[in-house]
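The first chain written gets the first letter, and so on, giving A, B and C; residue counts start at 1 in each chain.
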């Protein structure tokens, strides 16, 4: 691979933040004035630079190519006889496109230099350090969010995309709850008596366990191990245990697993 | 280090070691051992001890003092200013907790939403946080959901919009806008 | 108070006030407005201003200094101690990329400004950089623009002012000055 031919400039795309940055660098390197930008000369320098990048197999982002096309067009304007073709373009926005580029570059240069000025200012965490505030407890203090609306979105996004949403804290020892466990829970809670389905389910802390237990109740109804009774529309549902908790639960397991698989 | 141990002397150009020690102690916040100070400044440990003593004397009649705590040295405010500090900091708003922000974000984007829907997304019990937010006027009850049990649904309030400088819920940035910001890097 | 310690002007009545101000500023960490200081100390605002000036003078040749930042007053370490502090804390200096500084400049001067306006000016995609700056709390969402698509507008934050030791946005060098410099290019 060939090294850059001209030692005074190195081809480094990553040091440029876009085509305007590169263009400004070239303008300054060539020592030309922005106000009277020699478009042809700058276009050549720019295209030359892109060629070097290509020679080095460096990826060239699309926006650099768009600028290259613009520069080629602007250069062609200089080569063509002035009036006939150009007329429309100039009339449209009332400005020579070359001047427009120079103006755009000048505006970019202002912010670019402002960035340099920012860079030289004392910078917390680099040049100067501050104290964390002392912690003072205070009741009835007004609250502030500490983030803006976008921060709120970030938090929401984090929640949506969290790899594995942690199960609720209290579920630590219930994650492993099986249908067998659920059946045993129901039968031992009832202990052969009658109980309310809602109080049975509300004793369980998570929705997952409640669903599992509800499925277990339905399955045991089918097997005749428990009975269900509802005396009025939307009234409470009573569950009656008809077998002991030490019933052979292997019977239920196969079927329920098959049903929920 | 100069022989003159006056911490911030008038006629000396500066006692550089005392100034440096002060900067280090100020920035670190917590107690720092004299050995660590010596290492950071690349000076003799004995010089650091002398410097700390001088610095400490210099803090007489000042708002802060230098104390040896937990095997290290720490700058602290003098106790007599505690009242004013409490008064100053007591007016300062406290920050919403991460938990509160999480609940707010879920309610803001999914409202109207039930408590169990919030908990599903967060993966933790959120009742306490939601009560606090209701109390602060950032959440409100927005009806009941048409499902068994008819659970309460929650939404955000006008105070919520004000807190986040939004004129309208539609002003919330969207997930798509977030994605668009992420696309190019 | 001994006479040879100069940081707080010798026999002036403001000695106690200086000490109290120092304690408040030390405890608060962030910038505090002179009005809040006056209120916390229950003294006249003018006295606080005098006290702050005296305190500031007292910090010459010290490890810390008193600066006017983001509409308030804040104690900070002097830049010459940055190396030792970073060494003590085992940290690398926090740095912003040139792209980040450019985006910050554009937003600081033109706010509120949309992403596409920033990109138009820089001639390059800026979404990733803007997202990072939002994450660091240096940019904030500042509403939506009243135009088709209602794009988000962005502004700088208080943390931006604090980061660059600016007392307010007007403290930024004016772009006109930059224009004058431009003629020399």
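Just so it is clear, a residue touches a chain if its C-beta (ideal position, glycine included) is under 8 Å from a C-beta of that chain, and two chains touch if they have at least 3 such contacts.
Predicted model, so just to flag it, every value in this text is computed and none were measured.
Relative to the C-alpha centre of subunit B, the farthest chain centre belongs to A. A summary of chain positions shows that the Cα centroid lying nearest the centre of all protein Cα atoms is that of chain B. Between subunit A and subunit C, the centres computed from C-alpha atoms are 29 Å apart. If you average the Cα atoms of subunit B and of subunit C, the two centres end up 17 Å apart.
Each chain gets one centre point, the mean of its Cα atoms, and the points for subunit A and subunit B are 25 Å apart. Of all residues in subunit B, those that touch two or more other chains are 23, 26-27, 77, 85, 89, 91-92, 165, 171, 173, 178. Residue positions of subunit A touching 2 or more other chains: 129-134, 136, 147-151, 154. By the touch rule above, subunit C contacts subunit B in their complex via residues 1-2, 4-8, 15, 18-24, 26-28, 32, 36-37, 39-41, 58, 61-64, 75, 77-78, 81, 84-85, 87-89, 115, 125-128, 130-131, 134, 141-144, 150, 152. Listed in rising order, the residues of subunit C touching subunit A in the complex are 26-30, 74-79, 82, 85, 91, 93-96, 98-99, 101-102, 104-106, 108-109, 121-125, 134-135, 137, 140-141, 152, 157, 162-166, 172-173, 175, 178-179, 181-183, 185. Residues 129-134, 136, 138, 141-157, 159-160, 162, 165-170, 207 of subunit A touch subunit B in their complex.
Partner subunit C is touched in their complex by these residues of subunit A: 17-21, 27-28, 33-35, 61, 63, 67, 104, 106-119, 121-134, 136, 147-151, 154.
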